[in-house]
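Taking it in order: structure first as structure tokens, then the write-up.
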Amino acid sequence: MKKDTVNAKSNELGFGSKNVSGRNRFLNKNGKINIRRKGKNFMESFDVYHTLINMSWIKFLLLIVASYIVVNIIFAGVYYYLGAKSFGNIEVSDPVKSFEDLFFFSAQTLTTVGYGYVYPKTAAVSSVAAVESLIGLLIFAIATGVLYGRFSKPNATILYSEKMLVAPYKGITGLMFRIANPKRNELIEIEAQVTVSMINRETNSRSFLQLPLELSRINFLSINWTVVHPIDETSPIYGMSQEDLLAAEVEFIIMIKAMNDTYSQTVYSRSSYVADEIVFGARFKSFDIKPGNKGRTIVDITALSEYDTVELPVERVAAGSV
Amino acid sequence: MKKDTVNAKSNELGFGSKNVSGRNRFLNKNGKINIRRKGKNFMESFDVYHTLINMSWIKFLLLIVASYIVVNIIFAGVYYYLGAKSFGNIEVSDPVKSFEDLFFFSAQTLTTVGYGYVYPKTAAVSSVAAVESLIGLLIFAIATGVLYGRFSKPNATILYSEKMLVAPYKGITGLMFRIANPKRNELIEIEAQVTVSMINRETNSRSFLQLPLELSRINFLSINWTVVHPIDETSPIYGMSQEDLLAAEVEFIIMIKAMNDTYSQTVYSRSSYVADEIVFGARFKSFDIKPGNKGRTIVDITALSEYDTVELPVERVAAGSV
Amino acid sequence: MKKDTVNAKSNELGFGSKNVSGRNRFLNKNGKINIRRKGKNFMESFDVYHTLINMSWIKFLLLIVASYIVVNIIFAGVYYYLGAKSFGNIEVSDPVKSFEDLFFFSAQTLTTVGYGYVYPKTAAVSSVAAVESLIGLLIFAIATGVLYGRFSKPNATILYSEKMLVAPYKGITGLMFRIANPKRNELIEIEAQVTVSMINRETNSRSFLQLPLELSRINFLSINWTVVHPIDETSPIYGMSQEDLLAAEVEFIIMIKAMNDTYSQTVYSRSSYVADEIVFGARFKSFDIKPGNKGRTIVDITALSEYDTVELPVERVAAGSV
Amino acid sequence: MKKDTVNAKSNELGFGSKNVSGRNRFLNKNGKINIRRKGKNFMESFDVYHTLINMSWIKFLLLIVASYIVVNIIFAGVYYYLGAKSFGNIEVSDPVKSFEDLFFFSAQTLTTVGYGYVYPKTAAVSSVAAVESLIGLLIFAIATGVLYGRFSKPNATILYSEKMLVAPYKGITGLMFRIANPKRNELIEIEAQVTVSMINRETNSRSFLQLPLELSRINFLSINWTVVHPIDETSPIYGMSQEDLLAAEVEFIIMIKAMNDTYSQTVYSRSSYVADEIVFGARFKSFDIKPGNKGRTIVDITALSEYDTVELPVERVAAGSV
């Protein structure tokens, strides 16, 4: 019985098999891929929509307010250059006051409020105002789309247990982690895929192997799901202790695919665990499940990452773990 | 021939196998999962879009009107605080009248109507008005997205027969329910999956077993579909009477997946039947089908849940049912 | 060798096997299902969005204009009832002129233009105007969504040849029809499924059988696709003449599934051919293909339905056709 | 061992097998299909949305500005025809000035700014203005949808290496090309399909054969992917030299399918290589991979198309290449 990668299906993840120096993880805990592409044919700067969709709400709102102020200052400047006296009801004697008035006229034009107390009198400023109101409408058309995109973006906010556990499982041991859905929507048809990335010290190359799971798909993620990889003799990590895992710089790459019931969209979530996020000899605590009113069951998902220490089967301990 | 769960494929639904006390159903009749998640890492409050999309139209419209009034009162308050005399054409002598006027000015600003009879004169109130019109535009941008989301949300409004029937079927008996599409759109590529959840009294654990169906997929849901599970010797409910079903606290969990032709979106519908929603010895009534004009066929789906009493095959009755 | 339905896969379409009297087709040529559902639980009236999305552009625009006029007349009526003298700059002496002015004030409020020459003076009319501008914004928010829905609706406007042909095919005969994409977008991963519905005179029941195709999937629909069912001994229509097809009230139900490249959406198209739309002994004409400029190939799809008469293999004619 | 197309799966692409004269490619490098459909049933002109979504940003913005000017000139003309004296505050003595004023009034109406300094006085011009503001709202509703469509359109901007290489591969040779994702978003579940189109000089017909790949699917396109077709004895291009490829007018048609993580949408990319884009005896250069800050890996994708000359295995050279 060979110790390593027996029978495991090789799994190309697109990271390449070159062993990059250092203990970098491939995936961050939040699922972002830990690689930055650059180069003359890289088009980062053009993906405006992607940026607007994915920035935080705080940044997004600050960006809107800042743009609003900047655009109005620019147009107020143009109007001021063309002459405050081209407008009705503007105090032309005081430059500061008239710039102020033009700034607010610009805001009223950009938002298409158009009170009309201040109004353009000459063709020149009328033209600029006509352009500004068109720009205002286009900007708010884009804002509408971006806001819709932000809201309707499918996101599988899946919670992962902080640690992966090696726990007793059907006479042998199993490598397991737990996931839960922290949102009110329902996730259905959930699929999990776990790939281990480990270094072969003899060849100094990194291999990626898909781990067989006890169950790779469930119908609802109603309470939680403990995803289990049985560590039997065919497992690539069979007989390895925590030190072995650290030495092999293992990283367990998790991919979850689910159907979000609200939007009927397939959503993806990724995460990863590295060697020092594995706990040997531990078992997840049960959730607190209570009957609620109207025949409901209430589940407290606070305990998602909590575990109790347990003893592993002798054979397992003999192999050197804990 | 064992009596229980022979050959049936075990089916994990994500509910866990722990037997929760009481006769709770897992799914409500409307398909909502009968479990409420809570806990410190539960993010219910943030899923604003999900809430806005799924609330009833009445509530949604009331929310809009209430928000409109509240926002206008707030801004009128700010304007009043800054001084009604900062506005053109406002009656400053009467506080109530001037607050009223400021409320309507606020409404005209928020909606970007901006008649301009009342207009801001000082930089302070002009700034607030500029902010208000920006907020107005953003709110209505969001409203546009939410309204589109509400309208375009795929919903498979599938009608289920009230009861599941145990009826004669090809010499043996079959467990059957009936579905119909009550909307004008067409559902195509309809798939059904039926899972039975039942308690094993010996181990006091709940098991989930997928039931084989006579047909698990049809091409159109043009009239109706009677989904049939043949109760042969391999069925987990073979030989069980209604009392047996009640004792085992069975719940038949139905999942329907279909393609909505109008939106080209996969839609899902769920429902469930518990033991006392099963009728032994009954057969669904035929629908009233009449030729319409222009060569059409007119189908009256009123009879969806109606059934006639029939006698079950002797062997079946001998097993103790009815 | 039995004459009928040997080896053909039975195919439930959801139409039921009851033989409805008369020569009704199940699908119209345009793919609409020829069945109208009704009944107390039918919800036709609620599917507003579906109706707005699928009505013709002419009707849609007329509906918008008509609603615009009606809403403005209603609000003008309310304003008139509350008193034209509650408005600034309205001619109160002439009832017709003042109603006219109020109608235009309403239009300016609904569209949020708000010139403000005419403006509300009292709290009563200001309130109604505030409500009207809110309604205006909501209506146009809905219109934005509906217009987007109309435009972005995936539609596989597939052209079908008018007739199905029985033509010589690899020594035997084949039942074939031809499709083309009349739009500028590209359809990829096109799948076809052909089901024959025919009456068995002995049992007076209708059966649905899926026909095996020479090729059920292609990668691009770049020019055209001739879908072929080889009429070999396993075909349910083997040896049948046109009279036999008419007697059996056959209908060939076509379902096409494709990926629209522009919207990355799966689109569906359906059509059907009945017995008298089958031509025995005919072969589709080739398209006119010419080299264009810039190395392009230009294809004229006008000939989609055109065919030449050919002689069928002797065995076929002996079986009684033409 | 036959020289040609042994064991390769025949692959219908929908181009037809007719050998069109000249060295046209089926696909352009950018993936556009090199065929133009025309004919009386071709509906090119109606696909307005497709056109608006796919035109360049420059053209799109110019179109908006041009339409804005044209629409305003038309309405200004109508107002002028109805009489400038029907408006408040318009200089009627000077025709040019009054047309100018009406043009700006039109712009203020179309964008719903409505300052109201100039305002309609008669029923005739008020009616036209009411229509114009409605048209304005509808146009901007459409613009909102189109802008959203442009932004949210899934596009798999995949970069392809300029050449396909024939390089040493596991003792034999392999035909390979390289792809990378130049955008910041992540592509997951990437699938590749390579089809060779080649002419059989004996039958003068063109055949399409799918090439088996070393790997036809990867999980992430995080750095790059070298897609490899091993040229073993079963390959349709086994033993062919560059001259043979030119003579057979080969074209390698590439189809890439991936899941865009940001939009949860399946995206497609296509490209093709013709015979003179194949380099015999070359190997892709490695990318420059450096550790970045925060444990990131930085990859420079500039070298995507760069290669070094290598010697092919003797057997390969003996077969006549280079």
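A few remarks follow.
Chains here go by letter, A, B, C and D, matching the order in which they are written, and residues are numbered from 1 within each.
Just so we're on the same page, a residue touches a chain if its C-beta (ideal position, glycine included) is under 8 Å from a C-beta of that chain, and two chains touch if they have at least 3 such contacts.
Only a predicted model underlies this, so the values are computations on that prediction, with no experimental measurement involved.
Matching C-D against the pairs in A-D, A-C or B-D identifies A-D as its interface repeat (over half of contact pairs the same by residue number).
In the contact between subunit A and subunit D, the residue numbers used by both copies make up under half of all numbers at that interface.
Spacing of subunit B relative to subunit D, judged by their CA centroids, is 39 angstrom.
Centre-to-centre spacing of subunit A and subunit B amounts to 27 Å, using the average Cα coordinate of each chain.
Among the residues of subunit A, those in touch with two or more other chains are 108, 112-116, 144, 148. Within the complex formed with subunit A, the residues of subunit D that make contact are 64-65, 68, 72, 100, 104, 107-108, 111-117, 140, 143-144, 147-148, 151-152, 157, 159, 180-186, 188, 190, 215, 218-225, 259, 261-264, 286, 289, 291-292, 295-304.
Residues 11-16, 18, 20-26, 33-44, 46-51, 53-54, 88, 108-109, 112-116, 119-120, 123, 126-127, 129-130, 133-134, 136-138, 141-142, 144-146, 148-149, 153-154, 195, 255, 265-268 of subunit A are the ones touching subunit D in the complex. Subunit B meets subunit D in the complex at residues 112, 114-116, 144.
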